[in-house]
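Listed below are the structures to be examined.
Below, chain A partners chain B and then partners chain C, in two separate complexes.
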Partner chain A sequence: MDAYLAAIVSVMLIYVLLALGLTLQYGLTGLINFGMVGFFAIGAYTSALLALHGVPVVLSVAAAAVVAGISAWPIGLASLRLRDDYFAIVTLGFAEIVRLTLTSEKWLTNGVQGLSRIPPIYEGTGTAAAFVIVAILLAVTVAAIFLIHRVAHSPFGRIIAAIRDNEEAVQAIGKDPARFKIQVLVVGSALAGIAGALYAHYVTYIVPEQFVALATFYVWMAVIMGGVGRVSGAVVGTAILMFFLEGSRFLGDFLPWISSVQMASIRIGVVGLALVLFTIYRPQGLMGDFTKR
Partner chain B sequence: MNAITHHNAIVADRGASGAPPVLEVERISKHFGGFCALNDVSLSVPAGGLVGLIGPNGAGKSTLFSIITGFIAPSEGTIRLRGSPVDTLSPFARARAGMVRTFQVPREFSHLSVRENLMAAIPDQAGEHLFDLFFKPQQVRIQEEQGAALVEETVDFLKLKRIADLPAVKLSGGQKKLLELGRVLMTRPSVILLDEPFSGVNPVLIAEIIDRIIELNERGISFLVIEHDLEALTRLVGRLTVMDYGTVIAEGAPQAVLADARVRAAYLGGPA
Partner chain C sequence: MRGNRRDVLRGLGAGVALVAMPAVVRAQGADIIRIGALNPITGSGSPYGSGMQKTIFAAAEAVNAAGGAGGRKIEIVAEDGQTSPQAAVLAAKKLIEINKVSAILGTWSSGVSLAVAPLAENANVLLMHTSGAPALSTPKVNGKGLFFRFHANNERSGAAFAELCKRRKFTRPATMAFNNASGIGNVDGFRKTWEAGGGKVVESVVYEPNQPSYRSELQKVLAANPDVIVTGSYLADTTIILREWFQTGQAVAWAIPGWAVTPELIRAIGPTAAEGIMSVDAISNEDDPAFKAFDAAYQKAMSKPGQSNVYAAECWDMVNCLTLAIEAAGGSVDANTLKAKIREVANPDGQKVGSFAEGKAALKKGKINYEGASSALDFDATGDVKPTFGAWTVEGGKLVQKYKFQA
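Now for the complex of A and B:
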């Protein structure tokens, strides 16, 4: 049971990193990024490939952040002049291109067979090792929370909040919104890259099918349920998401006539229903302004 | 000199006739497909001048503002700021160069407080660079303190103290107009383009805004003001330009312009 709990917390912390990246991009700046999973995948494969070639895990994870961040830069340059909805479509398309590239470039990624025997975050077995991994992931997550919190409550954070409210007015006071938006896209994507790297070293086996659009929408669900634009919302929202995802796993015990394939769909349905209920009854999210509905 | 003559002399001085132009609009045209929104429009704002721009709805005044400030590209023509063309500059670069605008419908940063709205407009803040934010925290802190002091001055000047910590979304229309004026002031401008600063504003607040604009003008800031409230505008400006159907139909001293037959026919509803 301890190992199971540690596993849930580990996955949750990896998702919290993704949610923090999206909080920076969407919650604080208003950038609709439907391609988080693409940067997650880039981070996972970068770190896994480097570690498989003997690079220490710490350096592999750092390289994953850099590569994921850099890969966001040209997308930012090319797309930030687009309207919000077109930008969202570009990011969605980007993530699909990443997944298809990972599938087709067998010489690099081993195609659909994926990469196995990825060095773990921490060498060791048993419950103690699981908790060491949780501690490492927690340390990274706390550092990311500090980073986003510092950015949000700074002059930089003031400008990105202004961009979210009115981009033309930001230009009218002599600030270049594109510069801020590109930086936000790069930093958020670097966080997603770190999350991907940690995921690869946590599960030690990755295939392109782990990086489908559904993962992006889980992150969106977490951010919306937690409270858009709230750092605490990213954490709480991810916890709620994991509660519904993992809690619904036990539905099978009460509904034995339902196959495991059907149950997988039901679990997604349960999370979707939770999102609908949140949107109706608490649109500002659990950590949003309590004075508003 | 009686009081009225004295007032007229002061107002005429705001036309700053003879001063070199801070802003020159030269032969601007703008076509949207087959529709000609602006046709060969020229005007200038002298350094230290206070110029009004009037005309019926759809005359092209706000389009001209957007072209001057770089939000819309003209089909033809040139904009000069202190003698240098700014046609290739983006809107934010023009604002940095000292030419700023407000909007017809106020565009406040609604989730930020009044103070934060003003803080956001301070130029050259180290804390707006991620590297400096994490590696030069001392510089960021000092600049924030200096910025906060500047904001307090502006808050006092515009009499916004009572609402300074409110989110901008909660302000009235007139208060938002004042906030926008304050925000552009924080950028240390040389010329301010005001788009209908009195629309939807109560008479007391209009008087307040007029006083502030005059005070700023006396400090050397030039203004180009679009406004339909002619009574308020003529108390303010030293020169008036009138547009109709995308062209300039009259310009000069307010009283002379308002007596012009074409202006009366096009805008004031009087006989031609």
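Now for the complex of A and C:
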């Protein structure tokens, strides 16, 4: 039981990191990034490949953050002058390009066979090791929360909030919104890269088909349910999402007359229903501003 | 909906408690052997997954009706692997940690099996899978010998295609592969055997899934003027490819995996276009009592013939093979004992048996050799089954079996 709970918490923390990246980009700055999974994949493959060639995991995860961040930079240059919706399309396309590149470049990524036997975050087996891994992931997540919190409450944070609320006004006072947006994009993508690296070392096996658009939308669901633009929203939203996705396993044990085929559909249906109810009754999300309606 | 953050947090706390509860609620007697069924109910394995899972339940029911294995009843705990390594890892952790299963049966995609493998190895839990990736039976992955493959590995099925092409005296083969581990594995296995035999592959094309048309890929292959095209493909893409090929009018033979050449395919493209298409697959032991029993159970559960899901037949064998091994081990579920016992009850020599009940009775007299629904079910030293392959040809809108061979 303990190791299983630790597993759920570990995966949740990895998703929290992604949700934090999206909170910075969308919640605080208003960038609609539909390509989170692309940066996630870049981080996963960078770290996995380096670690498989003998680089210590700590360094390979750091390298993953750098590579994912740098890869976001040209996208920002090319597309941030576009309107919001076009930026969303560009990032969605970018994630697909990443996935197809990973599939095709066999010499590097082993193509559809995937990379196996990736060194784990922490060597060792059993419950104790599972908790060490949780502790490591928790430390990274807390650091990320602290970072985002500091950013949000800095002068930089006020500028990006202003860009989100009224970009023309920011231009009118002589600031260059594109520069800030690129910085936000790079930092958020680096977070996604770290999440990807940790994912690779956690699951120890990666293959391009894991990095489909669905992962991006899981993160969006978490952020929308938790509360857009709030750090606590990213955490709580991810917890709710994991509760729905994993909780249904136990529902199956309680309600044995429901087959797993039906359960799979129910699970997706319940998440969908929750999203609809949230947009109707609490569009600001669970941790959003409760004084507003 | 009104409320405040405190209510929300309270609600979340209650939710977490709900998740934690089942472990307490479902403590059960020691005389039950729990076995995990981790099948692809959703995702790309979904055409097979639910059939696999229902087959596992049906097989366990038959075992329990015969008095259980080693005097202990079998309980199946089913999970959806979602054809996704991440989801499968969590599901496997739940099966191992909470349900305390002694074996995990029926992981389907190679990605899922490779991801679950380290967990099973660490927990000393047997893993019986239907994946094709050769890596799964290498010492690097299967170090403790706890994994058993019930499906032909890609190299073997590729070799079977090469054998067919040799028998039919083709000289200019080309390949077309669906871009995933199984599609590419199949044509790579073919190429390896074919080139080892001194042959040459004139063109190979890999195509992306879910396209409305494969015309450009097809043109590229046909331009090399092959006399046979070997594919690693699935039903949906094969249908489109064959339709587009028939429109070109160019004469060429096709050798396609058996899971893609189904009555649905022949109906979709028409018997004229389908005439002469060859298919190769691991053969179900259709005349065997085990297959008949499986077929009856599968018809009852899925209202479809057993031939339509070779993976379900393999799952049927997993349950029988595992429970016979437990029976032979006197009810022990220790993985290291069972891995030897599985070979003892499945491989020759010994009295041939086709069901758990029959095997249980025969075990009292001496050694048995379980002949499965999916194959004769003999395992080699690496845990791979040695399947018999069959080659079929479409004649007059029907699949006619032509050869049987080992590869």
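Just so we're on the same page, the second predicted complex is superposed on the first by the 276 of 293 C-alpha atoms of A that agree within 3 Å, B and C clash if a C-alpha of one lies under 4 Å from a C-alpha of the other, contacts with A are read in each partner's own complex, and residues count from 1 in each chain.
Keep this in mind: contacts are C-beta pairs under 8 Å (C-beta built on N, C-alpha and C of every residue); 3 or more make two chains touch, one makes a residue touch a chain.
On a predicted model such as this, the values are computed, not experimentally measured, just so you know.
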item	value
Side-by-side fit of chain B and chain C on chain A, or clash	fit
Which of chain B and chain C A:Val187 touches, first, second, both or neither	first
Contacts of A:Phe254 with chain B and chain C, given as first, second, both or neither	second
Touched partner set for A:Ala7, first chain B, second chain C, both or neither	second
Chain A residues touched by each partner, larger count belonging to chain B or chain C	C
Partner chain in contact with A:Ile159 - chain B first, chain C second, else both or neither	first
First, second, both or neither for A:Arg150, with chain B first and chain C second	first
Angular separation of chain B and chain C about chain A, which is computed from CA centres of the superposed model and rounded to the nearest 10 °	150
First (chain B), second (chain C), both or neither touched by A:Ile266	neither
Shortest CA-CA distance between chain B and chain C [superposed frame, angstrom]	21
Residues of chain A defined as touching chain B within the complex	150-151, 154-156, 158-159, 161-162, 164-166, 168-177, 180, 183, 187
Of chain B, residues touching chain A in the complex	69, 71, 90-93, 95-96, 100-103, 107-112, 116-117, 119-121, 123, 125-130, 133-134, 140, 143-144, 183-184, 186-187
Chain C contact footprint on chain A (complex, rising order)	1-5, 7-8, 11, 100, 103, 111-114, 116-117, 125-126, 199, 203-207, 209-210, 236, 239-240, 243, 246-247, 249-250, 252-254, 259-261, 263-264, 281-282, 286-287, 290
Touching residues (chain side chain C, partner chain A) in the complex	1, 3-5, 8, 12, 15-16, 18-20, 22-23, 26, 39, 41-42, 49-50, 53-54, 77-80, 82, 84-86, 89-91, 93-94, 96-98, 110-111, 114-115, 118, 122, 133, 135, 140-141, 179-181, 183-185, 208
